[in-house]
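First the structure, which I've put down as structure tokens, then a few questions once you've had a look.
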Amino acid sequence: MNQNVAIIGIGYTVPKPKTPEVSYKEMTYLAAQMAYKEAKISPKEVESFVTAAEDLHEGTSIFDEYTPDQLGAVQKPMHTVSGDGIQGIIAAALQIMTGAFDLIVVEGHSKASNIVTPTYVLNYALDPVINRPLNINPHYIAGLEMRAYMQDSKTSEEDVANVVAHNLTRAALNKLAPYGAKISPKKVLSSEPLFEPIRKLHMPQTSDAAYVVVLASERIAKKKVKPVWISGMSFCSDSPTLETRDWTTSISTQIAAEKAYQQAGIKNPAAEIDVFEIDDSFGYKQLQHLEALKVYEKGKAKNIFENGDKQKLSTRVNPSGGTLGVGWMHEATGLHKVLEVVSQLKGKKGKAQIKKAKVGLAQAWRGLPTTTCAVVILKNQK
Amino acid sequence: MLETGIRLHGTALEEEDFKTHRVFYTTDIPKLQYAWDCGVAMGHYLKGLKQGKLLGTYCKKCKRTVIPPRVFCELCFRNMDKWVELKDTGIVNTFSICYVTWDMKKLIYPEIPAVIEIDGASKGKGILHLLAEVDPKQVKLGMKVKAVWKPKSEREGSILDIKYFKPI
Amino acid sequence: MKLRKVAVVGAGITKFVRRAQETAKELSYHATKMALDSCNMPLEEIDSVVHGTAPDAFDGVHMKGEYLSEASGGWRKPFMRSYVGGGTGVFAPINGWYLVASGMYDTCVVVCEEKMSSCQPHPQGAFLTIFDHTTERPLGPNLLWIFALEMNRYMQVHKIPREQIALVSVKNKRNALDHPSAQLGAELTVEDVMNSEIMAWPVTRLMVSPTSDGAAAVVLASEEVAKKITDNPVWISGVGWNLDTAYWTNRDLYYPEYVEKAARMAYKMAGIKNPREEINVVEPYDPFAYKELHHLEGLLLADKGQAPRITAEGITARDGKMPSCPSGGLLGVGNPIAAAGMMKICELFWQLRGEAGKRQVKNSPRTGLAQAWGDLMQVGTVVIMQRGD
């Protein structure tokens, strides 16, 4: 990339299923204070702010109205991206790469617990003329995709149950993951069928949290302690239309990853990337995304748990417990993944620490019913 | 090139097109419900309203008292220093006389929304509310007004615990 | 530091109508296609796509950007939707600018669309949910309130008679008669505007822009690519945007400080020291008549309280020294929120290339400025564009 960009601070609140003690503004304020402290900056120095948010997740139209105060961003350049927080980070990094900015802050938060009718909100994302009138729970879309993926990649329900059990079990070691639990693949397979092949334990549960990330140009970042450098980044959308999309492969992740690898000079991701925090919604998504990320060949991601996992990918992929363990947080989902990767690269993950982690990848999917994905590759050395 | 008279895409429809079924449409009434956490600042504010009080917060660094209250000062970006009980009187900063509802239905008796600078808060710090018990033609900027509260038993911790403001 | 140059090389627009037969996707497609065709650009050569559209509540589709991505040329491409409420139409090209200026992309198509008519019984209903859910929404506020509150404050502080504000409606609606997209072009008098129905005092019906369906788009390219596409690129020479506090009842609404800050940011980038001399054509955001005046002042193109005077003197007329809203603006062309801001960017593109037909301003403009505004009277977005020579 023609101008180096680094993360010099991240602040967050611990993800929880409910957070009645704070408003979204107060939650974000706490995360911002933490981020600014780590980056040793004042919000006055920040030149531009980006929020990742969607109106209907907030229950407010034109939600960007309510974004500046809690970040100390009053009368500053600020805009909202209606995308995952990783798209927000990319938006900020691109601004820095123009050369016109040195210091930018990205914010994303989830108050998913405040949405009383989440399934109706989700249904509202479907085509109003040809899909919505069918009036079925929109999570069936994950069922359609899981079925198509399993068929195409010759992956079994057991393989997917392994992912779910593994991630929930790993999450039990992560203080930031409220849904950690020692669960066997068998229990996953016997959990209630909801949108077959999707079962109850495949479903990510939601969390509330706020994340604030401080990004800086090389000029600023090189003066800071342990900056984490962005070495590749991209995002992509495939078809939003249910009738015309490829159900077997995450093509958007594939296209985004190719570009990010090219920027980062990565040829063999499984060997060159030490830690992956990727979308694992419904279990099968982890396998589908690992293949799109070229960590495995098509149809081979299920081998992650096989004997002879020589590359130890089962420990290097989603050591946090993934979205299944941490919780689905709408636009903030990807920012948690970035937080986990940054913590790994700084050697701060305790029991879940991947030894000598130098390069990490965070990937996010925007969730049902979208095909949009974003990828960012981070390094602790330039 | 965009010359006058050039034909562009975009087909205007009239009521007639729907009545005669020349065009189709589908309808959907969304069921989008939320229960927003008020947190600390708004929680206190609503509790105050239930008790018949208007509460603000004070930042000693910026030397200003604001309402609606927040726990942080958005200007100097630190915690607010204290809660302040304000008066339930103030002056009209600006107002409108509105003849339509939020979904554009005609009103026989217009509503008078106003920004009211609350006494005890710093200059220019106000809230949005309605004026009543006043001839719309008599409303002026700078006019002194006072909150008219719902009876104590009917208050529930809402901005509607104040029915409206009236001139004093 | 020298920034990478970014040019506008093509533009497209649909008609703006109260209720369009075309869906949101179809409107987006038509604007995108027209913009691409205008510069003979195949979609395969577009590296990135930006979409601008305001609240999802209008179209009645959650995550509307995702829904519209294909129709805007975003299939299997980096697709980004950004928004700043009503400021979105001028922010989306800023987003496109930074995608290309970053060096990561060489081309970007920027599409803005709004289909407000889907929201029934009236699109204004969607605006109820822009207010604070705890302190304001219970009062049943509507969008007219905030405009009326701001206009009243502006009028009273400067002692501006409403007749002077009505002049803006007369000028813009007349200009719109020459715009092929226009929904509400009309030949009116100040009396017509003054005597039209009072919606929310001091605002009358003819001081308000309509609700509309429509779309508009531009194609952006890096210097190297732009020079291959056209001999007549229009450069984005400055951009600025600024968001003020959400606590709008704690601000003095008589003057938009955030617009001034956005303008200063753009002037600095464009190297403009004396905007009143250097800006030859301006498209300020005019959803209500007083807003054009308010914004001309915020943009430092008129002294505080003096925009009504320069309007009355004809300086902002299409044949004046600094034509303002030669397109016909939102008051005349229509106001499909994000698409309305983008319409202004398109208008500058055509004006600066001398391609605006009957709307063409007479001062052979070299530099133009487009501005949009939105949220709770809170955000200013500014783009400065410059002819190539």
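Per-chain residue numbering starts at 1, and chain names A, B and C are given in the order in which the chains are listed.
In this section, contacts are C-beta pairs under 8 Å (C-beta built on N, C-alpha and C of every residue); 3 or more make two chains touch, one makes a residue touch a chain.
This structure is a prediction, so every number in the text was calculated from the model and none was measured.
Enquirer: Is the C-beta contact count larger for A-B or for B-C?
Expert: Contact tally favours B-C.
Enquirer: By C-alpha centroids, what is the most central chain here?
Expert: C
Enquirer: In whole angstrom, how far does the Cα centroid of chain A sit from the Cα centroid of chain C?
Expert: Taking the average C-alpha coordinate of chain A and of chain C, the gap between them is 34 Å.
Enquirer: Between chain A and chain B, what is the gap in Å from one C-alpha centre to the other?
Expert: Each chain reduced to its C-alpha mean, chain A and chain B end up 36 Å apart.
Enquirer: On a C-alpha centroid basis, what's the spacing between chain B and chain C, in Å?
Expert: A distance of 26 Å separates the two centres.
Enquirer: Residue numbers in chain C touching 2 or more other chains?
Expert: If we look for residues of chain C contacting two or more partner chains, we find 60, 127, 132-133, 245, 247.
Enquirer: Where does chain B touch two or more other chains at once, residue-wise?
Expert: 28, 30, 34, 36, 38, 42, 70, 74
Enquirer: Please set out, as single numbers or ranges, the residues of chain A touching at least two other chains.
Expert: Chain A, residues with two or more chain partners: 56, 59, 68-69, 74, 121, 124, 128-129.
Enquirer: Which stretch or stretches of chain B touch chain C in the complex?
Expert: 1-13, 17, 23, 27-28, 30, 34, 36, 38, 42, 45-46, 66-68, 70, 74, 93-104, 110-111, 113-115, 124-130, 136, 141, 158-160
Enquirer: Okay, in this complex, where on chain C does chain B touch?
Expert: Residue list for chain C touching chain B: 11, 13-22, 26-27, 30-31, 34, 38, 60, 120-122, 124-125, 127-128, 132-136, 138-142, 144-145, 148-150, 152-153, 156, 178-181, 197-203, 213-214, 245, 247, 249-253, 346-347, 350, 353, 355-359.
Enquirer: Using the touch definition up top, name the residues of chain A that touch chain C in the complex.
Expert: 1-3, 49, 54-56, 59-62, 64-69, 73-83, 87, 91, 93-95, 97-100, 121-122, 124-125, 127-129, 234-241, 251-252, 255-256, 366, 369-370, 372
Enquirer: What does chain B use to touch chain A in their complex?
Expert: Those residues of chain B that touch chain A are 26, 28, 30-42, 70-72, 74-75, 77.
Enquirer: Of all residues in chain A, which touch chain B in the complex?
Expert: Interface residues on chain A, with respect to chain B: 19-27, 29, 32-33, 36, 42-44, 56, 59, 68-70, 72, 74, 111, 113-117, 120-121, 124, 128-129, 132-133.
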